[in-house]
Amino acid sequence: MLRLNGITKIYRIGTFGGKELRAVNDVSFDVNECEVVSLIGESGSGKSTIGKMILRLTSVTSGEINFDGNDISAYKGSGLKQYYRRVQGVFQDPFSSYNPIFKADRIFKIIKDEYFPEMNAGEWDEKVHSSLCDVGLNPDHVLNKFPHQLSGGQLQRFLIARALLLDVRFLVADEIISMLDASTRIDVLNLLVGLKSCGLSILFITHDLSLGYYISERAVILYRGCVVEMGDTKEIYNNPLHPYTRLLMASVPRLDKKWEDVAGEIEWQRKPENDAYGCVYYARCPVAIKGECDWHSPQLVEGDSNHFVACFRAANG
Amino acid sequence: MAKYFRRKLLIYLLTFIIAVTVDWCIPRFMPGNPVDLIISRAGLKGSAVSQMYTFYMQAFGLDQPIWKQYLNFWIAIFHGDLGTSIFLFPSPVTKVILGAVPYDLALLIPAILTSWFAGNNFGAFAARSKRLDNTLLPLGYILTGTPYMWLGIVLAWAFGIAWRIFPIAGGYSFAMRPALTLPFIWSLFQHWFLPFASLFIVQFGGWAIGMRNLIIYELEADYSHYLAALGAPKRLVRKYAFQNAMLPQLTGLALQLGVIVAGALATEVVFSYPGIGYLILQAIHNEDYFLLQGCFLFVVIGVLLANFIIDITYVIVDPRTRAGMQGGAS
Amino acid sequence: MSLNIKNLTVYYQTLKGDVQALEHANLSIADGEIMGLAGESGCGKTTLSNSLILLKPPMKLISGTVELDGKPLPITDMARMDEYRFKKVSIIPQYAMNAMNPTRKIGKMIEELLHSRRVDYSTLRTELTRRLELVKLSPDILDMYPIELSGGMKQRMVMVLSTLLNPSLLLADEVTSALDVSSQKSVSEMLVEFRKREFVKSVVVITHDISILYQIADSIMIMYAGQLAEKASTETIIHRPLHPYTHLLISSLPKVGVRYAEKRLEGIPGNPPLLLNPPIGCRFRERCPMAFDKCVEEPPFEEIEEGHFVACWKEPKSYAQA
Amino acid sequence: MRKSTFLILSFLIVMSMVLAACAPAAVATPITITSAPQVVKETQVVTQVVPATPAPVPLTYARNETLYTSGTQWGPPSSWNPFNGGGYAMGTIGLVYETLYIYDPLADKFIPWLAAQDMKWVDPTTLEIKLRDGITWTDGTPLTADDVLFTYKLADPNGDFKAGLNFAGLYNFLSSIDKVDNLTVDFKFKANPAYQEVGFYLWQTPIVQAASWSKLDVKDITGGANENGIGSGPYLFESHDQDRQVLVRNDNWWGIKAFGKTPGPKRIVDIVNGSNNVALGLVLQGGLDLSNNFLPGVATLVKGGYGVQTYYPEAPYMLSANVAALIINEQIKPLDDVNFRKAMAYAINTDDIVQTAYTGIVKAADPTGLLPIWDKYVDQDMVAKYGWSYDPAKAKQILADAGYKDVNNDKFVENKDGSPIALEVTCPSGWTDWMASIQIISKNAQAVGINMTPAYPDYGPWRDAQLKGTFQLSIQNESQMSSTPWSYYKWVFQNPIANIATAQYGNYGRYDNPKAFDLVNQLNQVKVGDDAAIKAITSQLQEITLTEYPTIPLWYNGLWSQVSNAVWTNWPSSADSANHYLPASWRGYWNMTGIEMLLDLKPAAAQ
Amino acid sequence: MTKGKKRNELLYFAFRNTKLKIGLGVVLFFIVLTFVGPLIAKYNPTDSVGPAGAPPSAQFWFGTTTFGEDVFSQFVHGLSSTFLVGIVGGGLGTILGMTIGFAAGYRGGNLDEVLNVLTNVVLTIPVLALLVVISAYVKVRGVMIESLFIGVTTWPWAARAIRAQTFSLKTRDFVDLARLSGESPVKIIFTEIAPNMASYLFMTFILMFGSAILTAATLDFLGLGPTQGISLGTMMNLAVLWSALMLGMWWWFIPPGIGITAIVGGLYIMNVGLDEIFNPKLREM
């Protein structure tokens, strides 16, 4: 359904683009119908940039994003509008997603103005109500209020309801629960996954391994703009192949295992001899092969079935 | 860092080119032919008129094609040649202006620097002190709203005419001959003081207000809270806040330069202080476009230089620009 | 007893009235104890920590006393409190990334700070270097400006600085939340290391992430809406919580190994109350599945068993986790 | 404040002060003082100039030896070239360079100056000029007939230089200039020379030193700055700066012996005008002895015991220096109609202008426009017959009689063909007294039904409109007092019409009257001093101006002059016992007895 | 907290803010005077109606000029051109600044670079010197022309400030969301970004208003003001030209200066007041 084909994002910094910052580097993966894929990475890994590129909020430097077989970069004007009818996003900060000086339900009004200008008011209200009910909100409690009068959880549900007003088939969910209160966040997550049954595919962007594990069928691990490992979520969690994934697994604070019980020193500090070549993880890799990892970038290869990894060590066994 | 300066230089260069081009247009698009004015001023009569007309057209290069004139103008600028003044014929414009520039520098540099330092210190002192904030700072707002020349007029009236404490015209006593002697410097000072004071007072208010607002922001900054939590005395916290608030004030100074220079021009007129402002006014009243052109160019170069100095100073005093300068999108 | 808080009530003054951010807090922390303080945003954990070190307007002390090492801490007296700050009580603030003056070299700032506290920098210099090395920082960074450091480096720098004078009590406010997974671990472990080396006696680790506390804290205290809910040893809180809130909160947390497809987690319905005009009695009662009549009275924060405090009218032992 | 900052700051301030201190010093002109003139015998071939040790120049000028003047320089002194008519520094002609004669307009007589005696016409076409013996240039060399010859030949269209100088007009009727002996020069003219104009040039042309000027090329002669030029007059340029110029007395000046008088002030400091406002302030504070600025409100000061004195103790206080007239573009309707012009003349309330715009410091003009010094030429019968005064009723009547009626009832009259009239009267923006005046004129005109509005363009386009003849109505005052009323009539009847733009002197309205033009030429050919002949011709010209209204004289601009008795006394005044000189430092006025005022000035303490 | 409450809170602070009250009061006073003044003033400002240079009296409240014009009449008529310059010059500057600031801030990229350079260039060229040249060029000038010149030369300051604000607002998620809703950039700028900066834009306008008045006063004072009509700046110019200082006619040059200072000072104080209202950090504790 959605296919990312070698996409790269280079930010140009300085006057008339003097310096380059490679935020996303040759990333390819796809998301199938009714599938939740987690895009997992730390800050600066480029995960949000990928989400924005899918949403056409930022341009793609090279590579191609296909939705239902069409290159989305070709969309303009009404074509783009039709694309947004099917692909939508929800972002991390619920309060930033609303214009603070307007009422929260203005986001619905915008959808009506842009997509359903001919629909009469009664019909529209009906549609909004049912959509709100679908996301577990009581329309009477939440309509006609300002954003700061609603909780973060309610606001995020609002955004999901907004997407449902359109014929959404693909949702980019960028860290949508990381700013919610612990006691309410899991419900939003449950709601999201529940939508899968309605034929929705989700790209779930997160830095939290346990959330990724909880929600997705497949996961993509991103490090400094590169995919280092991807595949079946369970497979990755139970048998991480890339040293970076292993580090993540060992570092994530868990409620069932203490750090002492996990393997000891797994991170390295090494000065890379060159910046331009080699594995992105070379500087921190405890198992790097000098002369190889610092000069060649490993390709993503299939280790186990449906389990890809970009590491010479892992690939060599 | 080199990149930062390259970028800055690019902007300065562009500004300079645009300014010079505007400048070049001045005498050419003004109604009336400057040469006619020279001839009429020289009091030439009869056959001499056409003879001198040709001569001056050639001398100013006005008989050349427009593009050539533009090119020649650039060449002339780099030779420091800004043509001949009409009103002060036959003085070269450069010479006339160079005679005035020291007065401007003597007025502007101390006025800008002292008001900036004093205003900032006062603003920092007044910030968060309720009593000062409510009594003295409104005065600051009023001062910034005062037109420079009006303050000049009032000062001249009060100190020069009513009380006769200070002279109200000229660069130094008309009874003196320039020399590096105490009485002469004293006279220079006396004549300098009122124009200086009117520039100082107006700017002082502006800086004080700016600093007050900035320091309040700084005192609310995280590092101030952290220092307070570690029991650092108020003095240290305020010192840091003050020093950090100075940086945006430095940028503010660069932004204000044009306004300050304008104020100085008006003030010079009030006090007949023999600087460029006074020359500009005379040039306008006497339709001396070449002089006007030269003055404009000098002011632009002066402001550009000052901006550049401020830029460099900023890099020196703000470690963030030094450490993190990557060309900055600001 | 290192820290002894009695009946501490702190409000925030706002235009529309007082926000009752911390209500009747009673608690003790032992020497050498690392106590985790957890709760959702707005539960009063930062208020509690701030009132121990920098209680200033719009915060207002309504009642309560604080004792540190057996001596009363003059928390309301800004001037007298200065003597205790840094030396007895110290803080690693939430905003550690921006805690250092951006225009001063770090070493210079430390020197000026110490000088202002009448502590001789030169005698501390070697100890400072030693501790920097301990947190894997080169002493060279003393000659750098904060902007030249990465987030994790700044965090560690602030850790070293805040504990430089070996305070009795260290308040560590959300020290890991801005960090990447891998840095979270090393910073957390450093806190434990600091305690071990007696750079600090006791530590209060404030966080919204209970799993971090599980890794490093000796005891955990759970707060809800300005009230203390439960305090006990880490194992007890995670595995045998007594307060319904603690129980529901912990069971709603996703864990590696739990999948939606296999086991559906549930959140707590409803939202925390606004503290401007909170419900009287137990503030959790509106969301509590076990709430009953008695809950309109404020439950006392009582020691139910050795080291296990709970503020709930229900009988204990109700929620042993399966 | 941190110590280092403070140090840097103080350093910068001190530096800038020093900078300011150095600047004027750098511009100051070094001067060489030469020894007392050698008595140069004719046998001596080589003139010996022995430079003496320069006398130390005092740092502060003693107040009682210094005369402060203002009113001539409106910008930094920039030219010391006596041939730079409009722009030479104060005193260049008169104090430094001298003329053969000076002219006394109050007594209407030529006073021999460099010349030893009155103008002597050997025959009707030959003028012999004899120079005083013993005049030296400031470099010690004698001023001789060669210098006079050289000077006048500069403008010779067939000479070496062909310089377009002011007196080039002399060559219209000059056939040759010859040196008779070392001190005598003969000017030989063609038949019927223009005696009036010749006289005009004789007191206006500065004599320059042949030895130094012959080295210059024509460009430098006409336009050079001539800094450190060698003069012959009572003062030398000492130094100058942006806002002043200092002249020092030439103690070897020939006149000290010749007149037995030494100019009072050791130094003259001429202050560049910042504004009239500043000048008034300086006058009030005793910082200015002679102010030739237009100072509105000076009447109150004269009366108010500020120690300020003017030529007349009562209104109009000032001598009249030039006539301000309404100039009228005669090429456009309805201004081409003499009756319309006449109606305007009757409509304007000149007294109101005098009182309101000038607070009474000027005098309403005589209808003839002849300055008071030319009162003797005014044909009173003619004035009685044709003269006009403010009479709006009569103005209306004239308009009505001439057929100007208000057709469309807008309270303004229309052209005879019914087209509306909308006139604009202009003066340069910022010339406040004139601005006030044209406001009054417009109001007066409107009152009689003439639709006239004031407009204030900038000087450039205002002047341009006059030269091109595109203006409608304006005010001009170019015609100054001089040795001959011819200069006034030349201004009114400048011709030929085609040359108005290049002549740049009058008749911008393009008034075309061959008879008048001829009369002006006749007037020019009257012998200097032949008052009867002048009167006869001017009487005819007056008839033309009084009946044709080529311009409408409004008021006499004053010879603005305010003097202070605080330091210097014995100023010219209208009082019977006083000196009757022109109290002016303006260009062209030192050689109209201004210099004599200096010779008579006495320090206040001396009295 | 409801929006209503929030608005009330702003109003509460507004009513409590002395700075705003004083500033607004002064400005309103002069605005009222501008409209009512010509009705009270008995004379045409350029008519000679009284004795020359008379001090203030019951008949001539602010005295008369050297030409016997009524200073009070001139003052109230001058006020209107002062306000006109403020509104037109300041308004035009703000609008230009907004357009350029929004475009640069929202579009970013090379357009931003170009506009940024342009802004810096115009910012660096001393505006007054430029205005002097332009004013000298146009021979017959009215208040409108003057205002236009001031507007087209003073926008960079506003553009810079607005650009920075737009830049920070642009990164807010609701802007992305609006784009995801298919809104056009112009619509996003005016319906999403601008309303959020309303207070800021208003304050920018006030500052531009004040600085336009000051700039105009300086030009007028130099004799480059309107060649027709009267303004407070030309009053000062004429007062100085006609030696009001020396003759002690303080009533001629003091009122226009006080008028300008009070209006601009009032505007600035008002702005600080507004800043405190919109910016809780600045509020007095």
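In order of appearance the chains are A, B, C, D and E, and numbering begins at 1 in each one.
The rule we apply is simple: a residue touches a chain if its C-beta (ideal position, glycine included) is under 8 Å from a C-beta of that chain, and two chains touch if they have at least 3 such contacts.
Just so we're clear, the structure is a prediction, and the values are computed from it rather than from any experiment.
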Higher-contact pair (C-beta pairs counted), B-E versus B-D: B-D
Farthest-lying chain, centroid of Cα atoms versus that of chain D: C
Chain B and chain D: spacing of chain centres that average the CA atoms, whole Å: 38
Centre-of-Cα separation between chain E and chain A, whole angstrom: 49
Where chain C and chain E are represented by their mean Cα positions, the distance between them in whole Å: 51
Multi-chain contact sites of chain D, meaning residues that touch two or more partners: 275, 281, 284, 430, 458, 460-461
Residues of chain C whose C-beta touches two or more other chains: none
Where chain E touches two or more other chains at once, by residue number: 1, 136, 139, 223, 240, 245-246
Residues of chain A touching chain C in the complex: 42-43, 151, 153, 181-187, 189-190, 193, 207-211, 213-215, 233-234, 237, 247-256, 258-259, 267
Contacting residues of chain C [partner chain A, same complex]: 40-41, 180-182, 184-185, 188-189, 208-212, 214-215, 238, 248-250, 252-260, 264-269, 271-272, 287
Chain C residues within the chain B interface of the complex: 53-54, 56, 81-87, 90-91, 93, 95, 98-105, 112-113, 116-117, 144-145, 147-148, 158, 161-162
Residue ranges of chain B in contact with chain E within the complex: 10-12, 14-15, 18-19, 22, 26, 29-31, 130, 133-134, 138, 141-151, 153-154, 156-157, 161, 209, 213, 216-217, 220, 255, 257-259, 261-263, 265-266, 269-270, 280-281, 284-285, 292, 295-296, 299-300, 303-304, 307, 329
For the chain D and chain B complex, residues of the former touching the latter: 1, 5, 9, 12-13, 16-25, 27-28, 57-61, 63, 66, 68, 74-76, 78-79, 81, 84-87, 157, 162-166, 168-169, 219, 222-225, 239, 241-244, 246, 269, 271-275, 278, 281-282, 284-285, 287, 430, 458-461, 463-464, 467, 502-504
